[in-house]
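The chains carry the letters A, B, C and D, assigned in the order they are written, with residues numbered from 1 in each.
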Amino acid sequence: MPTAEKLKPNDYKTGREPIWCPGCGDFGALNAFYQALSELEVEPHMLALFSGIGCSSRLPYFVNGYCHHGVHGRALPAAMGAKLSNPELTVVVTGGDGDGFSIGTGHVPHIVRRNPDITYIMLDNEIYGLTKGQIAPTSPVGMTTSSTPLGSLEDPLNPVALLIACNASFVARGFSGDPKGLKDLFVKAISHPGFAFVDVLSPCPTFNMDMTYQSLRPKVSPLPEDHDSSDRVAAFARALEPVVYTGVFYHRRESIPYEKRHASLRAKQVEYGGQPDLAALIRKFR
Amino acid sequence: MSAPHVLIRIGGEGGEGIISTGDLLSRAASRQGLCIMTYRTYPAEIKGGLAQFQMKLASDPIRSIGLRFQHLMAFNQEALDAFHDGMLKGGTIYYDPAECPDLSKVSGEIERVPIPLTDLAKEKGGSIRGKNMVALGFLSRLASVDLETVAGLVREKFKRKGEKVLDSNLASLNAGYDLGDQTIDGRGVKLTPKSQRGQSIVISGNEATMLGALAAGCKYMAGYPITPASSILEFATRHLPRFGGTVVQAEDEISAMASCIGASFVGKKAMTATSGPGLMLKGELITLASTQELPVVIIDVQRGGPSTGLPTKQEQSDLKFAIYGTAGEAPKIVVAPATVEDCFYLTAKAFSLAEEYQMPVIVLSDTNLAVRTETVPEFDVSRVDVAERLRPTPEQMKDYKRYEDTPTGVSPIIDPGTPGGLHIAPGLEHDEYGTPCYTGVNHTKMNAKRFRKLETLSKRAEEWMADWAPVEGAELCIIGWGSTKGAIQEACQMAAERGIRVSHFHPRIVAPLPEAQIREALSKVKKVIVVEENFTGQFSHFLKAKFKFDPVEVLRSMGVPITPDEVLEEIVKVHETLHPAKPQGASYAHR
Amino acid sequence: MPTAEKLKPNDYKTGREPIWCPGCGDFGALNAFYQALSELEVEPHMLALFSGIGCSSRLPYFVNGYCHHGVHGRALPAAMGAKLSNPELTVVVTGGDGDGFSIGTGHVPHIVRRNPDITYIMLDNEIYGLTKGQIAPTSPVGMTTSSTPLGSLEDPLNPVALLIACNASFVARGFSGDPKGLKDLFVKAISHPGFAFVDVLSPCPTFNMDMTYQSLRPKVSPLPEDHDSSDRVAAFARALEPVVYTGVFYHRRESIPYEKRHASLRAKQVEYGGQPDLAALIRKFR
Amino acid sequence: MSAPHVLIRIGGEGGEGIISTGDLLSRAASRQGLCIMTYRTYPAEIKGGLAQFQMKLASDPIRSIGLRFQHLMAFNQEALDAFHDGMLKGGTIYYDPAECPDLSKVSGEIERVPIPLTDLAKEKGGSIRGKNMVALGFLSRLASVDLETVAGLVREKFKRKGEKVLDSNLASLNAGYDLGDQTIDGRGVKLTPKSQRGQSIVISGNEATMLGALAAGCKYMAGYPITPASSILEFATRHLPRFGGTVVQAEDEISAMASCIGASFVGKKAMTATSGPGLMLKGELITLASTQELPVVIIDVQRGGPSTGLPTKQEQSDLKFAIYGTAGEAPKIVVAPATVEDCFYLTAKAFSLAEEYQMPVIVLSDTNLAVRTETVPEFDVSRVDVAERLRPTPEQMKDYKRYEDTPTGVSPIIDPGTPGGLHIAPGLEHDEYGTPCYTGVNHTKMNAKRFRKLETLSKRAEEWMADWAPVEGAELCIIGWGSTKGAIQEACQMAAERGIRVSHFHPRIVAPLPEAQIREALSKVKKVIVVEENFTGQFSHFLKAKFKFDPVEVLRSMGVPITPDEVLEEIVKVHETLHPAKPQGASYAHR
């Protein structure tokens, strides 16, 4: 639905200035997000943006839309409730690795397998930013942080592999140092009719010196041209490689969003149980 | 004493049709214009345990069912052994001789009548699965319930199973009825229907709760299975989609609550249903809803705690969590249905309160209400007034403040999808626009705004807020809450018959308290008795903090509903302390 | 540590009779468990057995040992706390698909990647037994249950694929209709020094007629002889196949259990910070 | 009025070394034998916001620091603008002219002294990073803190950074001190050290808390980061393993709590630390620990609510959750440290209580205690009495009952790994052996057994349970809890100086209440004032429910600690209502 005048990236800015540290990777992601929204011509009042708690979860304060800054780790189910209740809305979730993959892990497989048409943008800095630098589930083993003075004892979680195992219908990875590529991924993810996950490598220069723009650049590489994003096993294999690939790992084209399944169920129930008539339903208890 | 009624218990192995026998019989009785109330317990284990179904049939509305009964139909030895000493004096045990070899434990005063359920079912219906139909036929005759009405219900139930099954069941039913004709004579009960056919329904609290939600316009329900709340979710899955809503069996209680908040944020009426352990998991998100001022209804069907506790048993022990269970200070409303009828109207009311005051409303139901069925006047949907959220005036739209600090505390709300009302719902403390703001002045102002909504509500002192049965000249007043109401009412009546006048105050809203009404109730009496089904006196504690008085606390945590007799006993005791029969000296020596 | 007299399977029975329905798959799993304990000669007082809530979570009541019947979904972290606090104990967790993969999902990736030496026996009946028959995360789409009267709208979760994605060091599947095979898997899992997961197909004849011994037998098949259980991608691929394979999908031999890493950390801290001396530590604040 | 002291605030951009300047100065002062107390606020945002560090130096022990100060060192304009009106009369602002162009907002009564921090750092130290060292040198001179002591601390701090960095910092330090010599004259403060060098330490509440846990023998700590509790976890990761323990940064608060229960089940002393939102998530498992009768210590460092609320600010608003936050009825103990010293001894005590009574103990600390540092007498590990779990007697071992119903309510416990004590810890209601049992009689018995432990405890009425400062002839008594103690103490002293006698009761254990002691306190006075840093009067509510009285509630929810002045003002008001100055008529007209 193009509006009279095309919305520009700046039209998605609220008056609030981001409170992130200078050099924070989240700036790049935010800008790419503004651009994707503008490219897709999402009208602000049709945008519902959810987040949890963390530096990255502050993003909704800076985006024109109907925004919801909830509690730590619960943005996905909140967004699902919203999408099911008003499927017309463009529903996006943003948050950090701690928010999504530590306290929020329990919701991931379930929201994913239900496949609502939601885009989940994970700003992954491999650290807890807001609480000042403890390990995150994505922090590499051995990393020293304020909560691991002699190095982390835990092997990290692989978000892309996990999401592929959960059978997400769209799984991608981007890098906030590549805003153009990131914008493209956001556009694809939001356009995908079903659950879309974008893992964004987004450095935290304040607390994580092990993952900086500089250290990432040599490691990051686009997925090989011949990668078949419709092959789940191949996607999984790519996710396990030491190379940090960016791009779309997996994209399943047959994707019936959860809200559509609910719509069919409604029709079916009317078919079997008749038109909604509360008094009639009550009379059944005579 | 109490009005004419009959009390029947059926007991046997879970899965033998105990529950459906009771269900069909009571429903048929209700269709004939009788009032019924039923009470059932499932085995705590999954299968093979002891199940029982108790019913009371009467001409007049029934308030409580008690734990004792006149007639016991025992399907097996275990049921006989477990239940025989719950019989009232002069009662009769009907037992299946094929399954109950040993009657030696039964007291001599109890009459015992063998009813060959197994044999008759085999012989007449061709299958021992028809045992419960034999029992149903027999009990129909016992309670003078019209065989045709019963048969009609049996036909409805089995119509999908094919002619053969149906015929076999009907044959067993008739055999049981005929046997009754031969056996029953003096034991038969004749009750006169008072209400007109077709004006009542027979329904459980959980079903009534979900119907109330439908009546209020609920459009989103998410829950996670938990005894005894699961049937609310199950009922919702069968009907809510047809009414244009969405039901999700969530991955846990936290997700269910979060998704309700999401649904409410986009403007839909949303609810969840759970029991104690699940309620605790929702605490953080209930607090969020309160802070973001989003309406949401949480049904808590209480069960026996602590922790997994007594998961299939009755207890009223989640009250203090419902009232106080937030870290930080977040207002919410708590209501407690006292009857199955309340489950319908009060749940609908809960939605109105949530929408009107933009906050979470907890409905404290319990196991007793959840699973018992009861004859109630057919719910009148037109009596439900459906409230909607406050919308901004055009004036307010010029500078829209989602959290405008108004005299009532309630701010106008705009739903996503609507142009012009863009805003953020924050969990951080915020100013009127929703922008984070951490000054002390702002925090105090917003606290005051949020809590002002409770003041606005409690000032309204409306009739639905409490049942208040003042008795002229009463020195005593009983305060109860939730499903103890019927037992208290009967106890008050029994006390009156003994010349002890007792008033009864039973709030439907327990937080905020209907203060003016309670003060009035307290002002009229010498002594207050608070009745609760818990160990620590949770409501009493709350009342004491507000009203600084010294009630007698009648506390029961036995896993079963309190009975009128138990309440009466306490009334008599308290009455005696006010009017000591003995000379003063002796009475003091007692202390 | 063999005891004077070898413990027999019956020695692990408590006086309590299982409360399961006749025909419940959990009986088979329990018997296989008794046998595995006996084969491994686990002394009852060295066994710590944890569970959540569900029919399957009642199992510890029937096993001689130190047992913990906690709340729904939290057996894994409870067991981890126990193993870290007393590494000498043989720590086992049992529970259902709802307990472990619905309310408990959030703990799975994290306990798994930490890799404590715990054996997790999941009794998977694709249904909620104890609460009388609602869908579970492993229920197939379309399944009708008391909470999905017109069929489930959700694609199921694949426990084996998920655990492989989380990089569990031992992932297997068994079938309670094959007690001998199951016993062998339990023995291997308990012997594995690290986190071991066994998905046990365990029918619920009371509430799930879609997954019975009868319906399973033709679908179940041992993993092909040539399956390379050290290949994580191959294991993932097998987990996605329509055949219901049993056996060890994945087994990583280099597995340092979490409790061992903690022991090294303790040694390292003494090396850097000196012997434990509380008064000296307090004096540092002068 | 109050004893000689100096109050200094330093303000500037987060990351400019504001906090370390304050830290070094106060620690040096303490090494010299002075008493110090400090208070800091971080920007709510991550970086670049306004940070401040306030310190009070005095000869005598300090009870509260207040919000006002005599000396302000402003690193930049923002700090100057934000803080200048917190100055006490006759105060002085020291400002860096390079960063503070505009002094126009500062009231004329305040003296302003330019201190060229930037320029001096550049000139003498060769880097503007030394700004804070210039400030440190200057302030050392101002507070008459020995330069050598400060330099020694600076050396310790920078020794790993290499000679060059160290020298540059020392040069800036000296430059600041010299400038002080030239500038300060009359403004200098001379305080006489009273305590001996080396008998005190300077420490924060969170550090003291974790040291207390170490002293008690804590061997397992699991937490999830959350402001302001994270530093307890961080401190644990640095030290607990060395003491033979295990620390886990869990994936969430629920896991942390569950793993503590697992650790406790196998016999280890276990703890977790969190703040309000995390505490709510733990509710279900706290209830489990109570039901299974497993010891565990939960530190709740309160912050501003509701929900994410004011995450870096002070509030005492988790009390009601700590006390009542369970669905179902599960006893627990709640203690509240009032000082940094309490954080050590009371946390250690919490472990003893947990082990002795086999139940969860919640320690309600708060932001104020967590981050402030304070001079305290060096903690004496030998004063901590370490309790262990009750073990069965040989007699009891013959028929071991894990949940034996004893006169104290406490049952003997055996740890896994020990032959002969096999048992199950159930979340279901159970009999004395731990076997599930759902009868009402058993439930009531086990409820009574579990709650009897609280009675056993509250009967002990030991000295540590409360601070009770009765004043002969006082008509007023203040009751507070937690970190408000110092402010209340000072206010009482100030009131005494005006001739108003006020007693002060400050419990360390808030649930179960030390009933006998409170009753005694209440019996002696005409009016009670309850002081709390929350909006709804949570402790007051709890007290009222127990003692049926009508306190004056002094409630503040400003995100900052209450000050002695604020308390004094309320004392005076209440005193006036008891002794109206005006003729009665006029006073009544006021109402």
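Following the convention adopted for this analysis, a residue touches a chain if its C-beta (ideal position, glycine included) is under 8 Å from a C-beta of that chain, and two chains touch if they have at least 3 such contacts.
All values reported here derive from a predicted model rather than from experimental measurement.
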> Which chain pair is joined by more contacting C-beta pairs, C-D or B-C?
Replying inline: C-D
> Greatest Cα-centroid separation from chain C: which chain?
Replying inline: D
> Centre to centre, by mean C-alpha position, how many angstrom separate chain A and chain D?
Replying inline: 39
> In chain C, which residues are in touch with two or more of the other chains?
Replying inline: 53, 69, 71, 102-103, 105-107, 109-110, 137, 262, 265, 269
> Which residues belonging to chain B are in contact with no fewer than two other chains?
Replying inline: 238, 251-252, 277, 284, 288, 292, 307-308, 426-428, 436
> Along chain C, where are the residues that touch chain D in the complex?
Replying inline: 16, 43-46, 48, 50, 53, 60-61, 64-71, 74, 76-86, 88-89, 106-107, 109-110, 262, 265-266, 269-270, 273-276, 278-279, 281-283, 285-286
> What does chain A use to touch chain C in their complex?
Replying inline: 101-110, 113-115, 137, 150, 153-158, 161-162, 164-167, 232-233, 236-237, 240, 258, 261-262, 265, 268-269, 272
>> List the residues on chain B that touch chain C in their complex, please.
In response: 45-49, 224-227, 230, 233-234, 237-238, 249, 251-253, 277, 307-308
>> Per the contact definition, I'd like the list of chain D residues that touch chain C in the complex.
In response: 30-31, 198, 200-203, 207, 211, 214-215, 219-220, 222, 238-239, 241-244, 246, 248, 250-252, 254-256, 258-268, 270, 284-285, 288, 292, 378-379, 381, 416-428, 435-436
> For chain D, which residues are in contact with chain B within the complex?
Replying inline: 44, 275-277, 279-281, 283-284, 287-288, 290-292, 300, 302, 304-313, 315, 317-318, 320-321, 323-330, 426-429, 436, 438-441, 443-444, 447-448, 451, 534-536, 541-542, 544-546, 548-550, 557-560
